[in-house]
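Shared between the two complexes below is chain A, which pairs with chain B and chain C, respectively.
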Partner chain A sequence: MNMLNPILARLNKMPRAALITIGLFVALGTFAPWLAPQDPSTQNLLDAGLGPSAAHWLGTDHLGRDTFSRLIIAANTSLVSVGSVLGVAMTIGILLGTIAGYHRGWVDDLLMRVVDVGLSVPSLIISLAVIGIVGPGYWTMVLALALAWWPMSGRISRAVAVSIMSKPHIEALRVLGASPWRIYFGHLLPGTIGSVMVYATADAGTAALAVATLSFLGLGIQPPTPEWGQMLVDALPYLESDPRQVLLPGFALTMAVIGFNTLGESIALNRIPKPLTRRMLAMRRAEVASWSKEKSDA
Partner chain B sequence: MIHFISKRLKHSLVLLFMASVVCFTLVVSAPGNVAVLIAELRGAVATPGYVEQVEEEIGLNKPLLMRYVDWLGDAVRGDFGISYRTGQDVSADLANRMLVTGILIAGSAVIATLISLALGFLGAFWPYKLPDRVSRGLALLGASTPTFFVGALMIYAFSVTFQLLPSFGFDGPKSWILPWLTIAVLPAAVLSRVVRVGLEEAMTSPFVLTAKSKGLGRTAILFREALPNITPIFINALGTQVGLMTATAIIVEPLFAWQGVGDYFLAGVRFRDFMVVQACLLIFLTFFIVVNLIVDLAVLLTDPRIRRQWS
Partner chain C sequence: MTQAPVLKVENLQTRFKSVQRGKYVHAVDDVSIELYPGEIVGLVGESGCGKSTLGRTIVGLEKATSGRVLLDGVDLTTLSGAALRDSRRALQYVFQDPYSSLNDRQTVGEALDEALVIAGTRSPEERDRRTKELLDQVGLASVVRERHTRELSGGQRQRVAIARSLAVNPRVLICDEPVSALDLSIRAQVMNLFLRLQKDLGVACLFIAHDLALVRQAASRVYVMYLGKLVEHGPSQELYDRPSHPYSQMLLASAPEVDPRIEKNRRGPLMIGEVPSPTNPPSGCRFRTRCPLAVDDCAKALPPAHVLSPGHTAACTFAADLHRGKRSALLQQEVSAA
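Take a look at the complex of A and B:
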């Protein structure tokens, strides 16, 4: 319980509503297969386009599929896709960013120029161009979005890496004769990953939006896998007769994005205490200080 | 002044060159043989002999550098080749579509500017009061709602429920309103925060204190002192948002059945029509570079501090 206290204190300072929304989204996404009351892809044309009832809590779509179950499964689809997109993007961004921060010089200049260009072109255009060349598909979508997303984490991890490299302990390691590998993997990389992760959570909202947008355009998640953007475009032709099927997935997606955006804003305003690394450093310092106290006591 | 402009133009030319290299390599690195595609498009069986003949004809057997120079020369003259899917001239298709997208982006830029200035001033006039909180909430809502959902909501509200405006098509100003509003929501939300934060910052600076001590009212200070101060920041942010509108145009044009560049690009992506993708990408990138250039020149005109720096 003692371990949990600092985490709880940290969470307390973040906007409550955003945390509840994100918690709900993550919980629904993780346990979706067990939570969904019905099979999301079972069609029953006799029950198509029904309103809410005891059997179908939020009604059915034009193919008679249970909307409530589809909305829940879509949270899972979205969570998994966003996780893999951010995972791939952060791996590329952190690797290139730390290399740029470690080497400096022309490697740094070149990589940062690429990052500048990547950040100035809208991510949708980058990912659509990649899909246009490689062809649509789930993993193409993940790759395309990751290619549009890595410059952000690349820039942040480069900044963090530069600040770490200018710290005295790196200089001390160099004097001790530590190999570049030891400095890179033992000190630079672990220090960078923590801080970049914090920023990445703020990006999750826009990533979820991008996945939904690509699915809406028919180039992301393919039917019959339920996904909010794809459910929306699926129901769009029936907007006049059955607007519920358009509005529900739209609201679900908007809620998730608002949650992540509010969290991101509070991160930007620095309401979240220091990044993981600095906290770990502080704990370590406190520990070392307590050793000397023990020694003087003895 | 002239020094600045010539330096900025040179910078833009370098960026244009980089953009052309990116567009070219993207298509060259595409998997699959383009010659086979074209041979099949012409209805012939793609025998090795015929494929070789096509390769010769469109210059695929030349060295890469030569192909780039040829392609760039054509592109500069406005010739983007023919579509692999329809066999039609890409430039001819693009000419009409650029006007449609131009109307879309210009209209929504104006709307976004008006809405964001109104919301931003509302917030700055009554800071931390109800209007400020409302404008802040609207900004969060506008920045978080997916554009395609905004479009669907607009159609549902104005075409289905109230039946005021047409839900699709491109004929006359009445059919332009919904797409304009749909695209304007996101930039208006972002820009209103820029205005609000910029005004707040300007209102705490010493020159505002001077103006207050001279006895100027709050309205007069906001419009006469703070507004010119945030103009360069606003133009900068507006430029970024106008660039981003090309991306939202890709979503909104198909939604409202507009035959614009975004719609064309999307069709190219869908059918892997490389020539179309390449041409649209080059147009988008050129558009960003030109918008950035205009923004920098406009900032130079509106910000006396930068003007003095360069003269």
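Take a look at the complex of A and C:
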């Protein structure tokens, strides 16, 4: 047990490490166009396949494009596509899930059987089928992945909606005579979105991997837009002569996926890294004590 | 009491589908109660006897299988949709658990404001004024308005919940154990606040509780419920002094005393056995399986409610004897134990 302790202690720091990784990923993705030192699409065949140097910090690829800039821009591509996949999927899922959770009865049964069908087919196969029919492209990929992804968020939001609907504060609203619209839009939907968003973090890693997979297969993001999966497939012919070209995008993708998964897991286990919590709690407590003006007769 | 009752419940019945196929849980069975303006009426009984279900059915949180709920003479069971929501608003409910009856995402001000909006107060200035007034009525400082309800203590939250139900100007308040989730020290404060407000506003109140002492202190009349049925009903002073149904006698005697000297001499565990399943209630009198006075006739038919004195009725064959003190469930129990 003593030998395990240092390892366990290190595991406890994983959420914070993951938070930093994801923070970095999101920051890089958001500000990529300003952060990338060079144009990621400028080719220079004279500099092709060079190792790290002052001009190209992480070297160049087989067409002489700056690898560092391409990795950063790829973070942006990845962030945007994962964001849109989850955004579309969660909108559909939350909408259908809350409707099922609000109405119950046959509406609930019908929607949840649809969800069951969706969940029973592997998501990548659904996306491949959709792309196979419609043809590759950015938005096709986003919609195909969203189609594969919504059943999960649908099921989670239905569960959350059912638990919210059975809470006394919803019953209190019904006793007050609140309209169904007020209950649905004012209380059920915001409550569900908040809870389901947390689960989305856990899904983001898998979604990032799916985007990279589809791009690797040439079915997702099309060249010349830089994307990690696509950089991998570009560099594949040079695996033996120059493994750096494969390792760098692979490493970036791995970090992002592990980061999202660890973060999602720690949130699910309620070990949210909150450096600020303690001080805020103390301030709050001091204030709460001063609120009651308990009258002597009351 | 020559006034017309503000709330009249007639032969109300609530059944739930049982997990056993084709069977029903008879949670509330043929219950009739009346509430007059401005009075507090207690509703007592063991856990699981259906007193909460009765309250919830009256405000419409559970669907009544049959029977009528008349509010100011208007039958709520015939209304639906917006008309029902508007009429039923005069009937408010205070929940037992103040931690889950408020939305954690709202501030106190938002919760009260929403109740006022629902009640149809259009002008924001008017709502603002009413919110201040309500907070003041329940003895909370106005700074609390900006706080999220999750930041408040149990007592503070229950005050907010009471303020919210008062926001819609109710005529009848149904309180489902409003203080039993609170600390003892806070309980008296909230209870006193509640009694003062009830008096000031003249709201009629159905007070559901298992704390018999609390009901005695607060209520003018008491209904005693057992396994979905009313067994006894009377003015609280008389009912507490001369309980005339074996169940009431045993229920009252089983409450612990505060004074240790009296408590020491209190007769031992009085209630024998478990409450029978409401899915298969006993035939005839429902209490007969646990009643020390039960005779064969009790299984045949439900004993009618005997009127013992004005406003005091008990549904027991021996009610008259019990009322006169000729017989006692407690004595009988001791005899059979010996």
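A few points about this structure:
FYI, the second predicted complex is superposed on the first by the 257 of 298 C-alpha atoms of A that agree within 3 Å, B and C clash if a C-alpha of one lies under 4 Å from a C-alpha of the other, contacts with A are read in each partner's own complex, and residues count from 1 in each chain.
Basically, a contact is a pair of C-beta atoms (placed from the backbone, for glycine too) under 8 Å apart; a residue touches a chain by one contact, two chains touch by 3 or more.
As the structure is a prediction and not an experimental result, all values here were calculated from the model.
Within the superposed three-chain model, A:Pro190 lies in touch with chain C and out of touch with chain B [touch as defined at top]. Within the superposed three-chain model, A:Gly132 lies in touch with chain B and out of touch with chain C [touch as defined at top].
Of the two partner chains placed around the shared chain by superposition, neither chain B nor chain C is touched by A:Arg16.
When the shared chain is aligned, no partner comes close enough to touch A:Arg104: not chain B, not chain C.
Set against each other, chain B and chain C touch different numbers of residues in chain A, with B touching more.
Shared-chain residue A:Arg174: touches chain C; no touch with chain B. Common to the chain B-facing and chain C-facing surfaces of chain A is no residue whatsoever. If you check the complex, the residues on chain A that touch chain B are 117, 120-125, 128-129, 131-136, 205, 209, 212-213, 216-219, 229, 232-233, 236, 239-240, 243, 246-247, 250, 253-254, 257-258, 261-262, 265.
On chain A, the positions that touch chain C within their shared complex are 167-169, 171-179, 182, 186-187, 190-191, 194, 284, 288, 291-295, 297-298. Residue ranges on chain B touching chain A, taken from their complex, read 18, 26-27, 29-31, 140-141, 143-149, 152-153, 155-156, 160, 243-244, 246-247, 250-251, 254, 265-266, 268-270, 272, 274, 277, 281, 284-285, 288, 292. Across the interface of their complex, chain A is touched by residues 59-61, 82, 85-86, 88-89, 91-93, 95, 97, 100-103, 105, 114-115, 118-119, 139-141, 143-144, 147, 151-153, 155-156, 161, 164-165, 167-168, 189, 192-193, 196 of chain C.
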